[in-house]
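Notes follow once the structure below has been shown.
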Amino acid sequence: MPEGLLIEDLHLSVRAPASRPVLSGVGLSVAPGEFVALVGASGSGKTMTALAVLGLLPPQIQAGSGSISLGGTDLLRASGAELNRLRGGRIGMLYQQPKRMFNPRMTIGSHLAEPLKLHRGLRGRQAREQALGLLADAGFDDPARIARSYPHQLSGGMAQRAMLAVAMAGQPELLLADEPTSALDKVLERQILELIDNQRRRHGLGVLYITHDLATVSAFADRVVVMDAGCVQEEGPARTVLGAPRTACARELLEACALTRRRIAAAGEPGPSRDILALHGVTKRFAKGRGARPALDNVSLSLREGEILGVLGQSGSGKSTLARLLVDVEAPDRGSIARTLSKADGKNDDGGAGSGVPGTEVQLVFQEPHDAFDPRMKLFASLEAPLRRQRTCTADERRDRIHQAVRDVELEPGMLDRYPSQCSGGQLQRLTIARALLLGPAVLICDEATSALDAVTQRKVLDLLLRLHRDRRLSLIMISHDMNVIRYMSHRVAVLYQGALVELAGTADFFANPQHRHSKELVAAARAHPTACAAPVACSDLAACAHRGSGRLGTTRLLELVTSPDS
Amino acid sequence: MMLFLARRTAALVVAVLLASFVVFLIPYVTPGDPVRKIIRSRVAGDAIDDSAVQALSAQLGLQDPLWTQYLRWLGRFASGDMGLSYTSRTPVVDQVLPALWVTLSLVVMTLAVAALIAVILGIAAALNEGRAADKAITAVSQAFIAMPEYWLAPMLVLVFALELSVLPSAGWEGPTSAVLPVAVLALRPASHFTSAVREGMLDALGAEHVTAARGRGLSYFHTVRKHVIPNGLLPLTTLAAVWFAGLLGGSVIIEVIFAIPGMGRLLFDGVLNSDIPLAQGAVVVVVGLAVLLTTAADLVHGLLNPQVRLRHA
Amino acid sequence: MRKLPLHIRLAACILAVVVLSVALAGWIAPYPPAEQDLASRLSAPTATHWLGTDHLGRDTLSRLLDGGRFSLTIAALATVLTAVIGTAIGVLSARRRGWLDEFFTRTNDILLAMPEMVVALFLVAALGAGYPALLLALTVTGWTPFARLARALAYDVSARGFIEAARVLGCSPWFTVRRHILPHLAGPLLGQATLRFGQFLISVGALSYLGLGVQPPQSDWGSMLAAAQPYAVRSPMTILAPGLVIFTVALCVTLIGQHLARMSSSRLLLATAPAPEATHA
């Protein structure tokens, strides 16, 4: 009897009339105690594979030929009752959005009680004790409080750990994890992966870890299976696949992870110059009431003319609030913001920075390009709207200026006839930049401006920003959670943590020698993932990193990933 | 939760006070001499000459500022003195209290019937989404939303009371007399409730945590019973709160058609006969009742929903 | 343009026929609405009186056409009035937030607890029966659904990036509301307005039925029903016809309204979802 999960030649297709294949001949196996990473871009069929294992395919998908077996049980032909015993009993599952996977009206404890009763026949006190034990195993310090909590009271990371406890409640032999960390930041991601790895070692659990991000699993996976377009493209030991990918598809995935990290020399260093934006002790509070933490707490920060300032912060650090304050959408509760934006030399008619319309000298580029344009307006109308305020401008002038701005961001004016939904994210992000530049701002704030873009597009947009910075003497504030973006772009780095400015240093200094506890954590988490450890200092940790992964990833390859320029 | 409730309740208390103030103003804004109208509601005697009016006006404080008069009026109202009805010349409160019970039982019965129908049909429709049963239930409930009660009621009376003689055509004696009014009054809320339950159930069925529950090994029926139905029925509690008020209004026409001695009938008679004290009493009591029931339903909704319960803790 | 489902097209046709014939009542009605013919009172439908006659021998069809003017106009007026007021209040609360929003939300809560019919009765008691009291009664309680919908939608739209972009780009608040917010609200509000029209039509009928709406000698569908009540057994047509007209019109309007609401909500979803990525940036 074969042990573990074995998928052989699995075919899935969308039911007629649309009938088209979803999976064609997928085969993979997960031995007990083995950590297998199933990697692929979105739409490659990874999630369908997992759902097929659980027997929970959506009704419009049907299984064709092939077989799925777990420890000898044929999952495709199992009866409903058998499948119910399997799910949660022999197979545990983790999901991408853990908070949505809990019933909002039940406590975590009652969620745990279900599999304990169904699969292990535990009730009452015994079940409660088991539940607390499971929560403790999932890394909670106070399991009793968590058991009493409702899902909405947990953060994303906590919810995923609670979900792990639920998944482990039935003492499964296989854990299916469907992108369990892609909604979490790097620190939490690492924590979850370590917990899963722990469970694997303690219980001899087979893990099928589905992800689009090779970097995530490189330190943990025994084997990697790369999927694309419903087929397995490449499969092998993690070291082989990551070190020497054979197929184009695997190479692409690897490259997408290894982000831009070489600085363009042309960006240069800003000379000694005056501050054009200065915050003095700025505090902003949204939630009223006792104990509510201010979104920004006594932040003093300045932007020099012609500088690129990186603002690094995780979600909830107050970085978006900072952006909103700077563009004057919000007013600070305390403190002041000084803007000395107009050019000292007065004249500037070359369309460069500082020739802008009063009140709009600081412009903003948003994270979500598809959201930045009114979906009901053609792009031209969207770009023209802010110009209409200037009565001096005729319709022809407006058109010429818009066309010029669009060419400046390396797009064709012809596309302005389209609606936002007909454009790619990269195109739209360029148009947001063009729209901001139409007003001739002195400062451009990019709030996670490239986070929603894929790696290649991200790089192109960053380079565009660097060119504009150089050509137009535009000052930039890059707000991001992404170490690579910050490192690639900025002259100086400011770190926001829980609303406070905890560190401000030159980029090289910062990555070499972070001072604050949180900065150290960030840099360390980035190091744990080879593709993210762009800082030179990371190299010294590489050996440890490779060791942690039990030699699953060759040190050579790691060094290569870190040091090679990728363009 | 407590804060949330306190704010809601404060708003509703203000509502009752506002409504009562407006009601208090009726004798002053309607044509005729307010002093005479008020005296008529306070003093049993029929023919009163001018000198008596002067005396009573002073005695009852009708020359005082409006707001003192209002506070005094409110105090009397709260202690159960609502004045004398113009038509029957008996205290209004003696007519209001029995009527209140009639209307309350009519509305509660209606709501219960509507909710029962809606739960059964709504769940059936949602579990058979897209099939014939769902389409039929949806079509019928849509049709009844557009059904005027004042048309359906006489038609049903025509059939069941006059042609078949199985049910009484009017009055409020014995359980059979409640059948037709409750049936007619329940139709529209039942249609609205049914679509709400159906939508709620579909949302609950499509929720991702239902997939997760199946992934934990719960059977389909267990999942539906434990994770889908309770969540899917939650919108019904909010809707029921809204409909309390709607039904108190809707009951006016039903009480008139079926000659039921309830609040609606009382209010209607008061307005029709320009019986100011009666109308005043009926309006304040109906509005107070509506506010009370709405708040109660809010409370139930809050208790059932941990997100509301804990967020406002 | 997608093809409309059959029942929606049918509903639209019926509605168009009713509205047109009511509008052209003066030309197409077979008899003057008040013309009495006591010789043929309470007659069943015949070739001369298609829908029979009432207790005074007046032609039911002619009276339906005439009475429809009142019912439909009042319902339409109330719909437009409440839609405009409600949308304005809803958008204002969503944009201004703060105490203004709190104030309107509480007002909404309060009005939700006010039975429409009781408010109407009260207003009739205070103002006397007729046009103004009727319209005021429907408006006072009727704007709330529009305000709630407009507020919820405007809140959602306001959270979108392009609204903040407009602000950062220096667009005036009024420009933003006109160009970016109202167009997104139009579809769902139109659906809501259509649905409310049906409900207003029923309410107008109810108030007239109780004698609080239109005053004799004028008549509308509700008051025709009330007048026919005592003769229902002798001549069922007198009571069947006006009720059936109210029901049919309300039903058609409801079907169309629900279709509009569904369409606009799915379009709203489409507008939110990004299209598949194009090949290059």
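Letters A, B and C mark the chains as written, and numbering starts fresh at 1 in each.
Keep in mind that, in the parts below, contacts are C-beta pairs under 8 Å (C-beta built on N, C-alpha and C of every residue); 3 or more make two chains touch, one makes a residue touch a chain.
Given the structure is predicted, the values throughout are model-derived calculations rather than measurements.
With chains reduced to the mean position of their C-alpha atoms, the one farthest from chain A is B.
Comparing the chain pairs A-B and B-C, the larger number of C-beta pairs in contact belongs to B-C. Measuring from the averaged C-alpha position of chain A to that of chain C gives a distance of 48 Å. Chain A and chain B have centres, each the mean of its CA atoms, that are 52 Å apart.
A straight line joining the Cα centres of chain B and chain C is 22 Å long.
Counting partners per residue, chain A has no residue that reaches two or more other chains. Across the assembly, chain C contributes no residue that touches 2 or more other chains.
Here chain A touches chain C in the complex through residues 324, 327, 329, 357, 359-360, 363-364, 366-368, 370-377, 382, 385-386, 389, 421-427, 429-430, 432, 435-436, 439, 453-454, 456-457, 460-461, going by the rule given at the top. Within the complex formed with chain B, the residues of chain C that make contact are 106, 109-110, 112-119, 121-122, 124-126, 198, 202, 205-206, 209-212, 222, 225-226, 229, 232-233, 236, 239-240, 242-244, 246-247, 250-251, 253-255, 258. Every residue of chain B that touches chain A in the complex is listed here, in rising order: 207-209, 211-220, 227, 230-231, 234, 304-307, 310-311.
Here chain A touches chain B in the complex through residues 54, 56, 80-81, 84-89, 93, 95, 97, 100-106, 111, 114-115, 118-119, 150, 152-153, 163, 166, 169-170, going by the rule given at the top. Residue ranges of chain B in contact with chain C, taken from their complex: 8, 11-12, 14-15, 18-19, 22-23, 26, 29-30, 142-143, 145-152, 154-155, 158, 162, 242, 244-250, 252-253, 256, 264, 267-268, 270-272, 274, 276, 279, 283, 286-287, 290-291, 294.
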